[in-house]
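Below are structures written as structure tokens.
In the two complexes below, subunit A is the common chain; its partner is subunit B in one and subunit C in the other.
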Partner chain A sequence: MDKRKLLLAEDDQMLASLLKYRLERDGYEVVIEFDGKSVKENLEVAIPDIVISDIMMPYFSGIELVDYVRNQLNSDVPIILISAASNDENIVSAFEMGANDFIAKPVSPSELMVRVSREIKRHYCT
Partner chain B sequence: MHITKPTYQILTILGIPKIHTDLLWDLTFLFLVLGALYFVFVFFFRNKLSRLRLKTKGKRQELAPIISNFLFHSPEDPKDEQKEYVQLKIRIREYLNNRSFRKIISQILFDLQKDVAGGTRERLFKLYKQLELHHDSFQKLESWRWETVAQGILELSEMEVEESYQLIQKFVNDRRSVVRKQAELATVGLRKDGIDFLLDTTRHSISEWQQLKLIETLGKIKNYRPPQFKAWLLSQNKDVVLFALRLIKHYNQKGAEASIKELVKHKNDEIKTAAIQCIVDFNFVSTLGTLKKVFWKSSNMVKINILNAVASLGSAHDILFLEEVASRESSFIIVGKAQSTINTIKPETVLPSKDILKVSHDEGKKGSYSKMDREDTESNVNAIEFTYEEVTQSPPETIEVEDIEFYDAIEIPEPKNERQTTEPMDTAFELQPMEEGFENSIDQLLGVLPSIGEDLDSSALVDDYDSISELEKSQLVERLEEVPDERELPLLEHIAENESNPELRFKAFKAMQSIKQSVPMDKGGELPKKGTELPLEQQSIFYTLYQYASDLDSKLILLKELMDVGDEKEIPFLKGLLAVSNGILLKTVRKALDKLEKGCSEQEVPLSDEMPEVPKEMGGNGNTERIQNEDGQQEDLEDDERIPLELLFLYEELGIKAAKKEGQDTFPFDFELSKEFFLEGSRDKQNGKKDHE
Partner chain C sequence: MDTRELLTQLEKLEYGLDSFSFTELKSSEASRLKKSFESFKIGLEEKVFGMPTGTVESENAAEDYDQVATESKLVANVSHEIRTPLNGIIGFLDLLKETPLSPHQNELVNAMDGASKNLLGLINQLLEFSSLASGQEKFERVPFNPGNLINEVAFLCKTLINGKSVTLLVNYDERIPKSLLGDPSKLSQVLLNLIGNAVKFVEEGEIKLEVNLKEEKSKRLFLEFIISDTGVGIANENLKHIFKSYKQAEPSTKLKYGGSGLGLSIVKEIIEKQQGCIAVSSTLGIGTTFKVVLPFEKVASVPEPSVLKDLEEDFDISQKAILVFEDDALTQRLMQNRLEQWGCKPYIAENEVYGLQLLKNHNIDLVLLDMHLPGSNGLEIVKRIRKHKEYANLPIIMLSGDAYSHKEDIFHDLGINDFILKPYNSDELREKIYANSQHVDRDDGHTASKNEHSAARTKPIDLDPLLQECLGKTELLDELVRLFEQNILEFIGKTKMYLQSGNLQGVGFAAHKIKSCLKMLHANRLIGICEAMILECRTTNDVEHLKGLFEDFVSEYPKIEKAMEEEIRRIKNEL
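And then the complex of A and B:
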């Protein structure tokens, strides 16, 4: 069975590396991007099965990324947003733009795994 | 011996110095070398720092998968992964010998603990200890630099190294505030009993912000069971007491009622206020008595807090206390707060009294209030539907109604003993005779003096005054001072002569003065003579306008108008201007002054020659310059060139026309006549003669 492709957009290198390690252990093929511009370029080439993105990123925020994917690329790929600034405004605008889920930092890698698998099941297995 | 001459000689100050050109070249070379050295130094260190940064980044990238492997390793992993884990362990041991690597690993773990949660975080703390990185933090505690010590304490507390508790404890009373605050947070966060130790031993103040941070730290401790913080209400450190009160409130420890009650008596206002706040939050009604006792010895801020507490916890029984506060307190803030507290407990008990006009009503008589009130009354009355009813009881002689507008519009029937039947209509408004007690209570509420009315009995008032309390006396005199009435003069005189309180005596005297000043005007007495209030030059209407004229043009326009419409009143003003004007303005002023003076002299000449004689039977004595007024007093026409109003009607009867003067017909309500009246009269006579001829 092919591995699910996952794009992880996170500017914190250590956290990205840690999450990548954890996701790869669970059978995902993970591509890490450290800023919004690279994420955009990557998405223009190929759309992954799921996107996990930090909201606060250089050049291109997570919310802008959701807007870009939904309106420019017209893709319904599941997007999970992560942010340390878990204020209502951020969360509401993320969901309004079309994000599928939101996780506040500090992130529990186990919780992230559950949410990723749930989104994939919801999107691809129904 | 040959003495070399200096390179330049100071011959003159302005001379050009002779500088050796070789010296200039030497200096140029020196500065070029220094500049080059500076740039080399900058480039060297910049490169060194960027190389170090790159190296660190490379090491972090190298260490990241190793740390991830350690964090997510499980004994149930496949054999390949177990092998890899063992190899990484050997590799990391080599790395740990390198001090810079230790620093980087330590930093990575410290950064990661902020971003991860759950089991991963727990494993990360374990890894930190397994790699013995906490020893580096212990070493930092021994540093003489405060920032290193604070960093060490922070690392140990964030990585939850419980062994460090004993080491950190000793910094709780450190003289360096940053270290001390970090130690306080670490002490509280590392062990559940850390807060006990802190409250027991701290000698320094704990800021509000620090208190909040400590409470936040306590909130992060798993399964934390707070101690009974009332134990620290006895502390000698006021900040500990305040923090204990905050903790009691935070953890809702209601068992500390007696201790908090005692703290209300504390000499420190902050503690008092915090204790009162606790009392309000916990609804300790039984402490109200203590609060009332403490009230009189407290500062204004504490008093306000106590009144707030009474408003929250009090009942109708506390209104007496609040009334006492309102009457005894000198601070208007406290008085206002006490009154609002009364209204909180019993709404609408105290009504607004400040700047409220006292409305007294004389039965059966109208006109005791202003025209505006009358209009309002009429408009309101139109909207009222009257009720006619059977009146079986005689109405009271005086009725005090809060809304006087109604009262004025309603005709109170004359007292009749016989039964009177009238047509019943809509029962929208009923006016029933008030009972005496009810009337008195309304009077008391409104602060209306019952004896101030048309039938004021001054002796009764004086007797009443002597029998009332000091407070009532004070209120009465204040009211008399605010709204003086000539009918109250006997009472005021009595107060001014017999009152023991000098303040009240003075107020009474002031009220008497104001009454005496207002009486002649009210009674139509003599008007104050001209010139007694304003200087002569300021009596001109143009004086004020001239003050506002900012430029020459507007001043000239004003002067031109003055020439056209001005009279002799403007002469002093123009004379004053002469002294301060110049140029074209001075010329215009002179011109205006000449014109006005000429005009006045022209008017005065016929006045003495042709002014008709005032008949002697009308008070005249034949002298045109002086006439006699109603009271037989002689008025000088120079001062007031007018005749009394009564004469106007007589002159009308006699067929003499009223005087008309240019510029005066803008004041239609001026019923007094100028001296031109006489001129007109004489001219008419002359014209009549000519026509007749």
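And then the complex of A and C:
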């Protein structure tokens, strides 16, 4: 089977590097984008198998991203958001928009791995 | 100088004003703002050029500028007059910000605000120059720690270097006393200017700051500062001009490197006003060296707690019960966090009555007291505490923002044991608590175990959890730590900028971002400061307090960097 394609939208390079390492090790093909504009451009070209995005992103927030994917691109690709735990309201509206899951900062990569594989299973293996 | 730069700022302002939709706004502030702006512009044109801006051409203008420059009084007057309407503009912009604005309008107003503040900065620089030239400048004569000052300057300069492959080396003469009398802010201004220049002109290579004890006389002492770089260098014929006001070495330099060209002339003035001297030597393509000699006064020998400074564990204050009088919720939290980190038992009192009750019911080792508590004066509380015989020897440390309130004789009379000047850093607080709580030490039985305990608690970072997430791959950990260092430098640079322009939203956002990085490294002290900054941005918006917190952050960070290097070395050795 081909590798699962994963788009990671995270402007903190430190966290992005760590996650990329872990995700690639688990067999994903990872593309990192550091700002919302490039995320959008990337999605316009091709929709990956799963999207992970920080809520607080320059130019284009994670919430706007969910809205854009669901309502403009009409895609149901699984989206996992990374959020600072304190933004409760944001998380609720993200779920209302159609986000599949979220993980609070500081991100535990091990936890994220589990959440990613769960979303992949749910979406593609049932 | 830079009337051209002034004009650019002006144009920016004007542009912002033009694209701002006043018809949509229909507010009286808006039209007043515009009027104020227009009269400011006309006034500026008349006063500085005596003719409409369009006709100013570089050659004639240069002569005109020089004339203006020599008449520093005129500059001072003009600057003052420019400042008044400009302050008006800034004030009205603030008012405008409080009215309902669309996001686009908000953006424009913020841009205008930024440009106005830039302009104000330039004008203040002009004023500073002219007041120096006319001899009005006053120099401070306060005790300071030159070693700390150099560390701080070096650290700030490192943040300037960000992105270039330039290393800053510091060579500090250890014979220099820990405390000197002089003007520390002017000294750091001089050094920041000179090193800042070096950073601008070195693309790749090295900048060296050497600090030597040059000469010691009975009461005075001369320090020599040598700043050398491996930059582009300055041609001989230009060298003699570089300290002249409004001139940079080459007209073309300005295009590439910017700057008002006032820096070096201000530096020279500051140095010479303090009976110091500055010299420069340079070779094209090899580099430039500035040599500064400045006199300072020696401080009559103080009992030196700073000798113990290197031995962190010696400042064991764990298990101390400390009563803190503090009414500001944020400072309360910060204080509580800090004290708990050191293993102390903090008791926080918002007011006098509650505090005295705590004092009665608990075995308090030491009291920290803010001088300016609203409602009751700090000194009143001290008096009230000292009335009770059983508290006659209780150590009391006063915190105050007023530099002149800590004349030793006064505070001893008032019954205060020691004094901490705000903003203070956590080390200072810890040392003072340690120094003042020694004679009331009750039991020594458990000191050894207490020491271990506090060492674990105050460990500035913990890389083990992150190493686990890296699945034991040390190269990745190494890379993450480098990225973290870049993030911190970026955070410091951005926050400095935001604080200067008063963009608290920006500060909050930056602090928020850096917090999650800090959490990955378990840098607990910095997380505490960061959280306090975020809270401050959300609640009281007290810029001064925010600046204090930021300073804490900046002075705390080098320790984290050192700890990271040590941790990485340890981890690599273990493998």
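Heads up, the rule we're going with is that the second predicted complex is superposed on the first by the 124 of 126 C-alpha atoms of A that agree within 3 Å, B and C clash if a C-alpha of one lies under 4 Å from a C-alpha of the other, contacts with A are read in each partner's own complex, and residues count from 1 in each chain.
Criterion: a residue touches a chain if its C-beta (ideal position, glycine included) is under 8 Å from a C-beta of that chain, and two chains touch if they have at least 3 such contacts.
Since we're looking at a predicted model, the values are computed, not measured.
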**Request:** Based on the superposed arrangement, let me know which partner A:Lys37 touches: subunit B (first), subunit C (second), both, or neither?
**Result:** neither
**Request:** State whether A:Met56 touches subunit B only (first), subunit C only (second), both chains, or neither.
**Result:** second
**Message:** Applying the document's definition of touch, where does A:Arg25 land relative to subunit B and subunit C: first, second, both, or neither?
**Reply:** both
**Request:** Tell me which partner A:Lys121 touches in the superposition: subunit B (first), subunit C (second), both or neither.
**Result:** neither
**Message:** So in the superposed three-chain picture, is A:Leu15 touching just subunit B, just subunit C, both, or none of them (first/second/both/neither)?
**Reply:** both
**Prompt:** First (subunit B), second (subunit C), both or neither: which does A:Ser110 touch?
**Reply:** both
**Shared subunit A surface residues [contacts with subunit B and with subunit C]** = 12-15, 17-18, 21-22, 25, 84, 105-110
**Message:** Taking the touch rule as given, give the residues of subunit A at its contact with subunit C in the complex, in rising order.
**Reply:** 11-15, 17-18, 21-22, 25, 56, 84, 105-110
**Request:** Spell out the part of subunit A that touches subunit B in their complex, as residue ranges.
**Result:** 12-15, 17-18, 20-22, 25, 84, 105-111
**Prompt:** Quick one: in the complex, what on subunit B touches subunit A?
**Reply:** 57, 60-61, 64-65, 67-69, 71-72, 108, 111-112, 114-121
**Request:** Using the touch definition up top, name the residues of subunit C that touch subunit A in the complex.
**Result:** 466, 469-471, 473, 476, 479-480, 483-484, 486-487, 509, 512-513, 515-517, 519-520
